[in-house]
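Just below is one structure, and these are the notes that go with it.
Chain IDs A, B, C, D, E and F follow the sequence of writing; residue 1 opens each chain.
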């Protein structure tokens, strides 16, 4: 995680929570009082965001000692100590909730992602995320997806070209859309087109597109798509794929499976923070 | 929703998504082209965030026409049209994902909240949220909780005093902690103390605390707490309460039930945006 | 004082004063030159803001040595040395005025506050501040009020509910207003109502409001209010109270006296900074 | 007042006051409800900041109607209506305090300034302000000084060169300091030197400095300074000058009298806001 | 040009220039005075930035009328009127310099770019820009390059993968570097590798890289590279290419020629602004 | 260079370049890997911006060792090592381009400035810069001008009064304009008037203006102006002066020659960064 970006996102989270002051802690705990605490997993999963939690405490006081016991991307069982923190009691009590809010959400993402990655571990297909992330937290969530063992799709509208139905209409056809984009966008960016049937797939292929997204296709059609394309473009399956359907989709032979639920429907990993 | 705050959070979300430009749309769609689109529910639930979605499009172009058909807080069935948007095609295509990211998450919160509110509709207890929100989005999420029919707990560390275990230790006892706070914090703020057993409850009561949080108590003990307190303080049940346990907890007679999962474990409501 | 907030407010103050550079100092004083200076009181009073002054110099150069001799909240006599500063001469000369601007204003607030606190030292009533603060400096000014020995009222419109005349009209009566708020705002926040006569007081009392503000009442009526309320709500006197009237108001038996002049009409404490 | 700067300073003031929401008004007043209110002077003085007050309401809602009856810089008597405001009741109630905080402080500055300006109306000397302003509000306060009929000294360390004692030491003498600055700073900026006695004055004069500040001199010495200088440089009197001493100082024949108290010790002008 | 981004960059430019106020204009020109002015080319070239100039005036006053006569990307001859502006005289005089600073620099870029584009008009090769832009102005400068008829390379380190010498060393070889990146970065981004000789080119080709940059090669070697690659990857020539060498480079048959000087060494196009 | 300002401008430059991450470096280079690199001049010139380059690396990692071998303002020959940098390889590779973008542009300005300064070394006239700078970079560019041996004109519209043609018209004549300004702006600021002929010059002189700008005059007229003014005001020559004309202009005896091209038409100094 890039430190510059973290500072800003943490400042925002703490400002939101602390406001004009932690009126309980500031009035009850001595400014010089020192404590030690631990983050403990209360369920099994994959950890992500421990570096963000550390940065939260360091933001409040750079002298806080933060010892990571389980690194981002590592599995954790209920009862495992994830990290130890030693520093001003005020800092520990004031920062605790924000640190947990980051880490629990990110670990929840990593955990679900990893579960799905494991389900298709022996298939060629790689799971990728989407732009369906909590506003303002995209980089953190995409990092958590990586920690769960999957890969990132484009980060925004700027680092990937994705031609959808409406773009095709506006441009006057798939070929026209691809040709126009190819002449306008940086040559470092690939072009992806979303197709709904095999005819569109054929058109996209003829326009020598880089990536074809198979949108909400049944797995039978997907298989045919894989045969037709035969390596001439990357194939990405998309559309409501979940734990029930992912194995079947992966078996069609597509290269990528994009799953919005990895980030739009997150169950936090249960983690607690306790002073010793 | 306060317009000033919305501007900032939307600017951030759009900057994150658009970066240096929507390279697909800007190169394929004419700047003057006009379209119309609709937001459609694909599952039943409670809508929240339609005002945020509108603000997203207005941020990109104040002349966008946005017609709300289903207001925040209203129920929606699969297939219902939630809103119509008419404006520059570029604005619609560029803003679509950000608008959905806000609205789907917020509606997901409102939907789950409402389901739990309905489960205890005939009990005295009121559901309240917690500080377990996605960093940077707390106000939106607490608004969604309200739209789901529940109430807000304190917004941060600054507008409510919550004495926890570690504060009690630091202060030297419950009575000491409450007395100290009472003399220091604004007289407009109530004091809440978290208790783990009936002895602590008794102490808190004698210190004339305003609110007592029953932390992870079984419902039998909760009932005794209700009897002991007998209206001398507000009682709040807390600790992993969910759809399975909420009715039993409500029946103990507590005043409030706080539920972190309302915001920390959200399933997005399925909503789609389509150009006509 | 919370360090994060200080950074921002100091950055703003310095940017305003330094602009594109301290053209006198930067061109006359060598970048490596070191000096020592002292802050000296030139009148008696209560010090507040010494931590802010320190932060000003640390912002310009973290290596500046700043030795506090008289802490915030302590009394000072004319001629007393308040703090010593040692560091780059440039930093001392460039930061001097901003440090003084903060400290003189805050000490002025603490000094006047303390004088009034002393006047009613043996009464029950506690002095509280208001929202009549210099825009952008509220937290600093409320901190100075604390250093003067008085207490803080709510920090803003968000952490206290204050029902005024117009709210009562809009809601359709005192009872209606209180009941509505009780059901909508977080249960951690108390409700205060502003009353202008004893009839309104009675209504407020029946609605079981938490705090009643007696707005511009004569002390005779205040006394009656104290008798009527008899501990069922907190009573706050308000309205142009000053050094001439505070003792009489305090003797009525009210719990709080709020005084806008503490922050809206401040005479700076005379403090000078001199290089040795 | 420059609109761009106003936006920022108002946003900050409102954020400080409103926080996550005006919990009283938002819950009691209907969003569409319209009211009208007036700003009324409760003491005589000079108005400054009416444009800032207007900008506060326009910031909250651009459609608010704001009719100025007494312009900035105009005198006002107790009971005079200064402005009328018509718009959303919520906007009026939420913005009222912030608008008053700006306007009362600025009008307080203009009022005291004007009183002193009047005292030396028939003298050559012009009153100027200093850098002793409330941090973050300097432009507003200097504007208020102008509205009071006095003039502005430099705005910061960047738009005027002021050689003080320590600069002289660092540079190695008055002549050396002036010569060095003359060769380094933009030729559009004048150089001012602070002198404590007539010998320093003589040196400054020989170095052909533009402005000489007579620091804490008695009026007898000031008179001699005026004679010696005889129009070869501008003369500025400084140091604790107030209503008691200003006339005598003005009579010495100096060109400018700088007065820190205009901005560092402000008594707010009493102004009220009432809904009709 | 995206309006949101423009606002921010213009605000910064104006703040830098206006500071606490345009002391000449504000004191000499009446606030209500209206004028009309024109932007006139004083040399021939290609216009870029007219939309930015317009946004500068609209930022200062949205009611300013700005009539574009020569659009971005269009050629201009000395004496041509580029745009007319009508609005407050203050706005015209205060904004003039900032508007020109943007437009002259951007038009200078477009003009030089276009000259080089014309030189190789009948070759396959396309000119692309680099990251050698003025800090904080990259988007504007890349837009100007587009207006000059050339294309954009990646916008930053985030939207293109460029493997240089040091990356190869760190990764342990070209193949390793490409394979690692392929497995880690979004599949929407192409991979470019910088090679210094034909052996490295061969390696890159075998690793199936998308784009190969020929770094500082003589045109003889470039020609061989074109033959070897034979369409299996895109070829980009780079390294100090200018007006003297571009034709020869283009004739080698490379696909792209990247030229840092387009943005790092800009001669402003001479444009004046005159009130009528 | 003031550190506070640098932080902000560097943060912006890096954000623009790094975006959501340096996807090449972050995926190929180990986070702990350490390297050393050098900045080398590839052409002769004057260095400016080495402190900015250092600040870029320190911003990314405060522990980076940066050894300056050639200070700002010093001459450099092709092949000279300007600075050595040792630190995390990631930091070196990610920061390299931004550091160079600052330093090359600033050194280009210093180099051209110095060349012109040398051309009139034995004349009285001093070269000054203008407001024709790259938006957002003015302070850096004016600093580079100083490093090249010339002087700074006003930094913006706020720290110098410059009466141009349109101001004269608005004010009703040169005398009126100067008198009005003299009574309104701080007495620390000089007044400059732009004249186009000797009659205007005479008027300005009679109004006792501080500085007279001779706008686009031929050198014959300039000489007459020098004779007429005879030291009663500072004289500044302006208008398209370049390497071809500067000596002749200087010989007329004017005090200052302002040259926009120093900053509006910059050729970057060729500097490279190489890992050892």
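The definition used in the following text is that contacts are C-beta pairs under 8 Å (C-beta built on N, C-alpha and C of every residue); 3 or more make two chains touch, one makes a residue touch a chain.
Note that the coordinates shown come from a computational prediction; the quantities given were computed from them, not determined experimentally.
Distance from the centre of chain A peaks at D, each centre being the average of the chain's Cα atoms. Counting the residue numbers used at the interface between chain A and chain C, under half appear in both copies, so the two copies meet with largely different residues.
With centres defined by CA atoms alone, the chain at the far end from chain F is B.
The distance from the centre of chain D to the centre of chain F, with each centre set as the mean of the Cα atoms, comes to 33 Å. If each chain is reduced to the centroid of its CA atoms, chain A and chain F end up 45 Å from each other.
Separating the CA-averaged centres of chain A and chain D is a span of 52 Å.
Multi-chain contact residues of chain E (touching two or more other chains): 18-21, 139, 155-156, 158-159, 161-162, 184-186, 189. On chain A, the positions that touch chain C within their shared complex are 11, 14-15, 18-21, 59-60.
Those residues of chain C that touch chain A in the shared complex are 2, 4-5, 139, 155-156, 159. The residues of chain E lying in touch with chain A in their complex are 128, 151-155, 158-162, 183-190, 192, 211, 234, 236, 255-256. Partner chain E is touched in their complex by these residues of chain F: 9, 12-13, 16-25, 27-30, 33, 35, 89, 93-94, 97-98, 100-102, 104-105, 108, 131-139, 155-159, 161-167, 170-171, 177, 180-181, 184-185, 189, 261, 264-268, 275.
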